[in-house]
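Right after this note come the structures.
Okay, so subunit A shows up in both of these, paired with subunit B first and subunit C after.
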Partner chain A sequence: MSLLAPPFIYMLAALLCPLLSSRHRALLLLIVPVLGFISLLSFSYGHHAVFHVLGFELTFMRVDKLSMIFSIIFSIAALLGGIYSWHVRDHIQQIATLVYAGAAIGGVLAGDLISLFLYWEATAVASVFLIWARRSAASYATGMRYLIIQVLSGVLLLAGLLLHYNDTGSIAFDHLGLVSLGTWLIFIGFGIKCAFPLMHNWLQDSYPAATVTGTVILSAFTTKMAVYALARGYAGTEILIYIGAVMTLFPIFFAEIENDLRRVLAYSLNNQLGFMVVGVGIGTEMALNGTAAHAFCHILYKALLFMSVGAVLYRTGTSKASELGGLYKTMPVTMVCCLVGAASISAFPLFSGFVSKSLILDASAKNSYYVVWFALVVASAGVLSHSGIKIPYFTFFAHDSGKRPAEAPVHMRIAMIATAVLCVLIGIFPGALYALLPYDVEYKPYTVSHVLAQMQLLCFALLAFVFLMRKGLHPPEVRGVNLDSDWLYRKLAPGLMPSIVGLVALRVTAMQDAGVKAVSGLIKRISFLARPGGMLAVSWGVNSMVLVVTVMMLIVLLFNLL
Partner chain B sequence: MTDKQTQKTDRDSLTHSQLPPSQLPRMARRFLWADDMGAVERVILGLSILCVVLFLLDFIVHRHTYVPGEGFPGFYAIVGFIAFTLIVLGATQLRRVILRNENYYAPFSVDAEEYPEQGLEKTAHTPDETGVHIDGDASQ
Partner chain C sequence: MIADQLPALQIVIPMLAAPLCVLIRRSFVCWCIAVLANVLVLATSWAIFKQVQSEGVIRYALGGWAAPTGIEYYIDSMNAIMLLLVSFISCVVVVYAHETVRKSVQTGKHYLFYAAWMLCLTGLLGISITGDAFNVFVFLEISSLSMYMLIAFGSDRRALSASFRYLIMGSIGASFILIGIGFLYAATGALNMVDIASRIPDAQSQRAVLVAFSFLTIGLMIKSAVFPLHGWLANAYQHAPIAVTAFLAGTATKVSLYVLLRFFFSIFGTNYSFGGMLLNVVLLPAAVAGFVLMSLVAIFQSDLRRMLAYSSVAQIGYIIAAFCLASQAGLTAGIVHIINHGIIKTALFMSVGCIIYRVGHAHSDSLDNLFKKMPFTVCAFIFSGLGLIGVPLTAGFISKFSLISASMERGWWMIGVLVLLSSLFAIVYVGRVVEIMLFRKARTDNPQPTGLREAPLLMLVPMYVLLAVSVWVGISGSATLSVASDAAAALLGGYQ
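Up next is the complex of A and B:
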């Protein structure tokens, strides 16, 4: 039975792929998530698939409520991604999708740090092929940057794991806390994949570079696996509250002025991760429930938004806001699905974001993190600005680009409608989602206070949008790239490299010269002493020789005594 | 004008010009008000009325609050409006500092390149009722 654990099913299917036709591979992408899901449900809570390797006990299936909810949503995301990419015939992408989804599910089910590390690296290596599958020079370069950073995260995890094992003698992946250098390294490793501020650029750099379908797949797994890992290992670590608060705020500004809509969504993803990280940092049962619920809802509406922008890219060849507009006329289904995603991420009542985000906001208020709570409220208004308004408005309405593309292909529409229906169902019937949460929930999102407060926030933010558009203060969509902290390693460091190399070369040459000078000086000195009649050339008397030997022996004796 | 050019012009006229509503998908026709300024004005008026009502409800409904100041009438309305405005204005200022040409990171960034054609299926809209099928590049 253990061999039929969900991650193994995915890996096995990936191995079968080369033997199958492209149509059968596409079918496999639909069947495997369903089989994986059935397999997942067949395991009882506890440890399964335990293997003894080199004296270590590796647990590949730790099933509890926290790992369960993440595995379930990962399975759903894999299925929806499979439907969305039905048209893909590229075996590289199909295999990468299976391995990547399987590794992400394996990561959240891993019961020890070594198997976590294996899956952690597997997600990095598999996912990069979804970027390279675009098959352009730029996507190759972007993929390399992505891979370097992802592997760095894995290396930090490995280094931390070794130190932690050395300290404690345990490889168990339970609560770790920031108690030693080892756990700090693991924390930073998790932080990179979770796109902590200043470690975030791989996300906005790579997601817009992946294929149409690749971005949808990428958006679901890596970052949420990191959120899970933080929730498992660092719940209640206070620093996460402030990291999360910063994460919710700063990407908003970048998203607002970004032209590539897939990058806008990547910034928006970063901002949503911030809410989850705050929940992990608070660490109470309610907050962790909020994190799990928000991850669940977020994967769906974020995938939906990436799907709708992806469909537009697939039909028009661009995802740049400056080139789009007026597409509602011929892509109405995609537009409505995008609006559902936008309403869900903005947390309008009756949509999924509303029932999950409020858990985290309430947890921060109840635990007296008032400043953080206020940051989250402001960030909620910001979410509306870039994901709620900007994405649908500038794609499907605003100025008419004159483009009249066909509606998204049928399979993409099915994937989008199914995701949209899930977003609405969760919003209307949150009980089903709450039943999956790690702790028992006594929470009612639909109170008059809550709905009124949220509606006030969102409607007045919409009013502000109207006001800014009227006054011509809303930034127009213009072509261009915006600098972010990746400028440091993409422009500054390579730019400085020639001068650094030049400086080092100069120093090395100077040192060589000084060395040659010193040696030739020494040779000159020795030849001076050894000249005829010089100190080294005269013959010494026996007395003086004995004296020299005695002094030397005394020195040796003294050294021995020390 | 050669046949090929004629065909291209026809296609352009269908992909770029205003299609009559009858040639749009039925679902899209329900949203055509979005192009009618009068209707948009009415929606904005509706939003404004909704905002006034929501604001006034604060004086009638007692909101449960956890945070000092949260109970202030119109707290969320004020925060929503001001936060949104400041975010947009702040972002506009940020753009003045960080905006660069699309080729800034070229050739190592996807910003400067077109999405490869083999990964796309750029099909133009086929009008519903005329039954004219147009295969082609929607963006040309």
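Up next is the complex of A and C:
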């Protein structure tokens, strides 16, 4: 029985893939999540699939309420992604999707740090193929950066878990807390995947670079697995509250001025993660409930938004705000679904975001984190502006771009409608979602004060948008590249533009510049030696090889005689 | 009756197969003889392996002459592993060699190729089995001379110069080893390893032992291609016939590493080598610089074989670094990596060999979208490439994991960190090629040969056998670890 655990089903199906025709593979992508879901429900709470490997006891299935809700939503996301990508005939993408989804589910079900690490790495390796599958030089470079950062996160996790094991003799993945170097390393490893501030660039870098369907799949798993891991290992770690608050705020500005709508969504993904991280940081039962609920809803509406923008990209070949507009005439279904997603992410009452976000907001207010609460409220207004209004407005309305693309393909429409229905259902009947949460809830989202407060917020944000648009103060949708802190590492690529920032920033930049220069100088020098024709890579002549031998011999004798 | 003579058979079978090939001269028959002999050798080494596991050390007096006078074969679990590894890899690759030899080696010379192969196998097995220091040198020369010849069979003229460079460096290495053994003989009056080991403690203070130690260190470092003494390796790997590259990469350096282990740990003893002689002051920096720099060099190579060659130097760096930890866990990690890397790198070179067989060369810029044409070959490359990186559930991960945990146990954090760093480099150089083969659109200016198709079955099957073994090693994990840990314990415990 334990061999039929959900992650194993996905892996098995991935192995089967090469033997099937493309149509059957697409079907497999629908069947496997269903099978996985059934298998998941058949497990009782407790530890299953325990194997002894390398002298460790590895638990591949730890079923409890927290891991359950995440694996349920991952299964749903895999199914929706499967429907949405019905048209994909590229078996590399299909296999990567299966392995990636299976690994993510495996990750949240892992009962110990080593099996968590196994899946952690598997998600990294599988997902990069969804980026590379776009088959362009840019996606190759992006994918490589993504892969290195993801594997770095895994490497930190591995180093941390070994240290932790040395300290405590246990590999169990329960509450860890920031108590030792090992747990700090694990924390940073989680943080990279969770896109903490300054470790976030991989997200905006890679998600918009993936294929249309790849982005939908990518948006569901990696970061939420990290949120789960944080919730499991670091619930109640205070630093997370402030990290999360910063995460909710800073992407707003980038999202406001960004032109590529998929990148806007990537920034808003980052901002939504911030809410979850705050919830983990507060760490009370209510806050953790909020985190889990928000992750659940967020996966759905974020997938929905990526799906609708993806459908537009699929039909028009662009996802740039400056090149879109007026598409409501020919893509009404996509437009409606996009609006549902927008309403959900902005937490309109009767949509899913409302019932989950208010849990976290209330938890922060209840525990007297008023500053954080205020930050979250500001962030909520920002979300409305850049995801709730900007995305649908510039895509489907605004000035008419003259484009008259056909409506999204049938399977995409089915996937979007199904997701939209889920978003609305959760918004109207939150009880079903609350029943899944890790702790029992006594929470009523639809009180007068909640609804009123939220509506006020939304109305004023709307008003602000209208005012800015009329006055022409809203950042116009123009082509451009926005600098984020990833220029730190991308600057190594030659010919990147200089950044123009304020006085303080200039000084910081100068210091960073010096650092970057020193590092890139070192790298250049080493790679100069290593490049073809460099000293290390050229075939040495016999005499120089003998010279090296002589020198080494001298060194050895010297050391031995002394 | 036969069971008692297994150690002799191990050497005698391939040694007789070589002249038989020369006498018969028919290409196909010679190949059959080579395969048959190799299968027998594999069976023998398996039997020996089992026997050592159940009954402990085998000591076999060759020709019935007891130790100080005659040559003794001494087989503990370490030797048994090496015998099994060498004969297994040789067996798989010799099957694979048939097609490649027919295509790239001059028609009249096939029998020489197989004869040289058998001699080389004899030498490698001999080194792994013998308990006599001078005998090690003899077998080392047998294997090296036949290896120079095998490399020179390469289809293009650069193979000759590559072989010559290897010849010069190999001979320097071998003479250093010989000088070392000579000094040891002078100091202890013994050639049998067990006897030398028992007399070293008394002779330690002599300058002769010290000089012997230094010469052996350098000689073995050359032979096992430890950075910066790896100069011969890249060209030899790049220009040798493809089957020879696979064979060489999986066995030759690994056997030299075994000799290094034997001398440093069993004969001189851990305390002398790593305490008194400060070996890690010299060896460890070389190993670390090796795996960091050579991984970096590998990134920039456009020829796949050259890239893998530099990666081999890097991997040898891992192994040496693991030895330098001089602990049970460290030695275990090193030995596991000898096994795993031997298997993985051979599989990689075999898949690259398939590409060369069809495409004609292995420049990364002409492999665009090769997956469409040669799916099985590319799959094999990807899977073994993942093993090279050390992705979980592959054999490479077991080695990486045990190496890092051993270095942490010893408290050398930096080693662990640098290993992880250089495994990031490995991602780049493997990932780069994988991306080209899977995703890059075929270009018009650099067309692949028309009618490009999958490599012949006789090449694919052995490659996948090797791959299956590496997957099994990766998944079962503890099997190789426990064997390696036995071997490590035997080496650290010294001769009984």
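We adopt the following convention: the second predicted complex is superposed on the first by the 491 of 562 C-alpha atoms of A that agree within 3 Å, B and C clash if a C-alpha of one lies under 4 Å from a C-alpha of the other, contacts with A are read in each partner's own complex, and residues count from 1 in each chain.
Here is the rule we go by: contacts are C-beta pairs under 8 Å (C-beta built on N, C-alpha and C of every residue); 3 or more make two chains touch, one makes a residue touch a chain.
Fair warning: this is a prediction, and the values are worked out from it, not measured in the lab.
Trainee: Once chain A of both complexes is superposed, is A:4 in touch with subunit B (first), subunit C (second), both, or neither?
Mentor: It touches nothing on subunit B or subunit C.
Trainee: Looking at A:20 after the superposition, I want to know if it touches subunit B, subunit C, both of them or none. Which is it: first, second, both, neither?
Mentor: So A:20 meets neither subunit B nor subunit C here.
Trainee: After the superposition on A, what does A:385 contact: first (subunit B), second (subunit C), both or neither?
Mentor: first
Trainee: Name the chain, either subunit B or subunit C, that contacts more residues of subunit A.
Mentor: Ranking subunit B and subunit C by residues of subunit A touched puts B first.
Trainee: Name the contact category of A:452: first (subunit B only), second (subunit C only), both, or neither.
Mentor: first
Trainee: In the superposed arrangement, does A:246 touch subunit B (first), subunit C (second), both or neither?
Mentor: A:246 sits against neither subunit B nor subunit C.
Trainee: First (subunit B), second (subunit C), both or neither: which does A:151 touch?
Mentor: Touch status of A:151: second partner only.
Trainee: Contacts for A:135 in the overlay, against subunit B (first) and subunit C (second): which applies, first, second, both or neither?
Mentor: The answer is both, since A:135 touches subunit B and subunit C.
Trainee: Show which residues of subunit A both subunit B and subunit C reach, each in its own complex.
Mentor: Common to the two interfaces on subunit A: residues 135.
Trainee: Going by the contact rule set out above, which residues of subunit A touch subunit C in the complex?
Mentor: That would be residues 52-55, 92, 117-118, 121-122, 125, 128-129, 132-133, 135, 140, 143-144, 147-148, 151-152, 155, 158-159, 162-163, 166, 526-527, 529-532, 534, 536-537, 539-540, 542, 544-546, 548-549, 552-553, 555-557, 559-561 of subunit A.
Trainee: Could you please specify the touching residues of subunit C with respect to subunit A in the complex?
Mentor: 165, 168-169, 172, 176, 210-211, 213-215, 217-218, 221-222, 228-229, 231-232, 234-235, 277-278, 281-282, 286, 293-294, 296-297, 299-302, 310, 386, 391-393, 398, 401, 404-405, 408-409, 416-417, 420, 423-424, 427-428, 431-432, 435, 438-441, 477-478, 481
Trainee: Give every residue of subunit A touching subunit B within the complex, in rising order.
Mentor: Subunit A residues touching subunit B: 87, 134-139, 141-142, 205, 208-209, 211-212, 252-254, 256-257, 260, 313-319, 323, 328-330, 332-333, 335-336, 362, 365-366, 370, 373-374, 377-378, 381-382, 384-385, 397, 400, 402-407, 409, 447-449, 452-468, 473-475, 478-484, 490-491.
Trainee: State the interface residues of subunit B toward subunit A in the complex, per the touch definition above.
Mentor: So the residues of subunit B touching subunit A come out as 14-17, 19, 24-25, 27-28, 30-32, 34-35, 44, 47-48, 50-51, 54-55, 57-58, 61-68, 70, 74-85, 87-92, 94-95, 97-102, 104-126, 137-139.
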